[in-house]
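Shared between the two complexes below is chain A, which has chain B as its partner in the first and chain C in the second.
Take a look at the complex of A and B:
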């Protein structure tokens, strides 16, 4: 009885969190135009009922800017996490199935990428790809696949020796059939939670790199760009320029992290102790 | 056809100093029924795994008609029925889907092993050990099977079911000229089923 209730509450939390993130994403897209509009008759207003998050030095509405920035962050997060996860899945499976030299080479790459601090790697790749949207997406995507690839590799190595997989081979099931029918379904829980837990990292690193000036261009209302610009105005007492965007970014990241954690409890209960 | 194990050496990874099998030889002809007997932990299951090609020997050869077993592609002519049937079926697949991988099973086999059609809709965890074992025997009796290795196959079944299964299997082996390797601790069973019994030292 107790477990079924926890399952239900976990499910409803999952759905609510996903819905909240979807609403933020859609509203943010709709508000992109508003976020760019300047109104020099109302610059630097503190938060009020009229402008919930205040306005900046060019009279732009910070509420609209924050939401469209979050929306951009979430979309970039989704895209990069999806690319990362696809790379991780492919390399993890290839590494485990081929073994030998291929495995050694891929494991070496994983160690190499893991050995370099993420933020530095994201910056370098972003610069190499010409910054901007492509730069950030490539940078974050190509630096975040390693841990998931390791998980997938380990999982596949263990599964390959499972008697039911060996028996399927003995009965003439092809290699592709084994991967599709036996490997992927068993990998799915680990993979899905890994994928969702990639989002918060991806979003934070996108914002950090943009903040440092190596990511998205400053015209785009990205959270990183908003925070970076607001730094100049903080000393003049305009606290709302950084507080609300920063806080909302933290909230979205925490929501994704909680989502991943709940998803893991739901899909892979054995791995969660206590 | 003849299945042969020649001068088999085998140890598990990292245990080279304590080989499970050393210089083991065994041969099994079509239509022959050989028993394999040894105390626990002497490598009966390991020898079956080697003979069925689940593992490769560290030394010596497993030959089928003089050709290495690993050279055979497609459905392996040597199939094995495991002591623990729940390890050889994918827990995430319905039994019908697992069965479909190896091709359709004759209704004659299903009837003889008392497999109900409803079982195929279920997941492995929803069947008892005995029911699952009968399912695994049916699967191992693929049309391409020439040798069947039975590793403590009926240990979890009641006596009546055991007798039914062995009667059926012996009849099937005679009909299809299968070679049987029977691993068991039961002298009575080995005596009844096998034409000769080999002991692992």
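Take a look at the complex of A and C:
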């Protein structure tokens, strides 16, 4: 058996992962200027000590581009996951508390959104918002709330019959009061882990939609745009243009997924026993 | 009457809901496309060409792209047409939408079907293995694989495979469903197969993770049950127990999950087809989206949504057909 405190080691992992992601975000913002710089005296260089990830056909440093792309992805991921989770929480609670017609309507909407493949829906919403930054953010934010909304709704429906909620009702506490004082605090752990576990999906879909050409403009150093450009140079053997940016994206997404998993272990130990 | 009648009523209710959802999907898709500030003339004709045109020509083009009719009117006329089996004409391909979708779906269907079956079978096998060898190296390996794959964007995996097998090793062609510059009639089945290997492989690899992890959980439940303990006491090996006693219990949720995963396979095929320039439905969707081809994108969305809903319906019906407990439970309620 392990003697070290597992809770404490989980917490330190959590902090380390969060710190690493924060560093990537900040460094990426600082490197945005460098990422745009072109230098035609050193185009298409393979990776070396001078340029860790190599350079592209305009002599731009791929390391700087990758980092600033990751930073952009993380920021978009945070924004969209926050919006998505807020929508999920609101709709989930309203659906369960109001019941009846409202519940049926919201459940129908969830089924509807789930019926359209994610990537198509993000594309459609992005088109409706005129593509670009707004398009991507709205697209990802408005298509990822469904499963969390279902979880919240299910949880609240179960909770409605809890003795303390029934007592509060009998004591004459208003619906809004019950939601604020009793439901929200109870939902917080699940909500937070749901929020963090939304990041990986949000980031992956942002990159995918940008890759397809519906997202951020190609001048911006976004990972999706970088990879889409790299496609044109694949046949000439410039493998580093695609390998490193994609690999770093995978690492960031994994870090977020681990973060969410550890957070769940800390906040909701009962659900992950064994 | 009795049980059969109940089953039919259950299926009918689900079917009705599906039809209503399809109406919803078409309305939402249309509204989103109509709300777009993107000017189809700017994207498809170009600013320079527009500048040199006479006002009459521009008006003609606007009529072609349907910009002179209010959205609600257009939607209603589309809906009436669609109910009669006419989904309109694709503006980019200048062919009826259903013809385009039919052609594209045929090449996509092979891809998706292969990936669907392969990922299902492989996922089930990996999940059972991992569950039977819980916390030992096969389990750790499989879990690590699933975790990595679910963090990897499908299009990057496609790029990677393309780099390795087509550019570096030169074993497989770069893309397209047929060799470039070849007559469509002289394309052999082998050619088609060779061009479909990498896209199908990518889709299968990405599809495995979800079902494997789910099956693993279920297998662990089975392995902790009393009858598994009894089997072990009789001297059966863990993997044999998992296959003999676990498979039936695990297959059911796995089938449901597999039918529910159609949406992901379709989504993945959009990305993968784009990388391999495979002329399937997904690629047509991207082309239609970039070129503001409203009828085509609308048609594709409705058709894929119908596929997804049909998958869900099949899962619901299968669940009842395979598991008597659920059948009886549903009959009672």
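What we mean here is this: the second predicted complex is superposed on the first by the 269 of 274 C-alpha atoms of A that agree within 3 Å, B and C clash if a C-alpha of one lies under 4 Å from a C-alpha of the other, contacts with A are read in each partner's own complex, and residues count from 1 in each chain.
Everything below uses one rule, namely that a residue touches a chain if its C-beta (ideal position, glycine included) is under 8 Å from a C-beta of that chain, and two chains touch if they have at least 3 such contacts.
Remember, it's a predicted structure, so these values are computed and weren't measured experimentally.
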item: First, second, both or neither for A:100, with chain B first and chain C second; value: neither
item: Which superposed partner A:167 touches (first chain B, second chain C, both, neither); value: first
item: Which of chain B and chain C A:130 touches, first, second, both or neither; value: second
item: Touched partner set for A:182, first chain B, second chain C, both or neither; value: first
item: Greater chain A contact set [chain C / chain B]; value: C
item: Residue ranges of chain A touching chain B (in the complex, touch as defined); value: 162-168, 170-173, 177, 181-182, 185-186
item: Contact set on chain B toward chain A in their complex; value: 52-54, 74-76, 79-80, 82, 87-93, 97, 101-102, 139, 142, 144
item: Chain A contact footprint on chain C (complex, rising order); value: 17, 20-21, 24-25, 28-29, 31-33, 35-38, 147-148, 150-156, 159-160, 162-163, 167-168, 174, 263-264, 266-267, 270-271, 274-275, 285-286, 289-290, 292, 297, 300-301, 304-305, 308-309
item: In the complex, chain A residues that touch chain C; value: 108, 111-112, 114-120, 123-125, 127-131, 200, 204, 207-208, 211-214, 227, 230-231, 234-235, 237, 239, 242-243, 246, 249-250, 253-254, 257
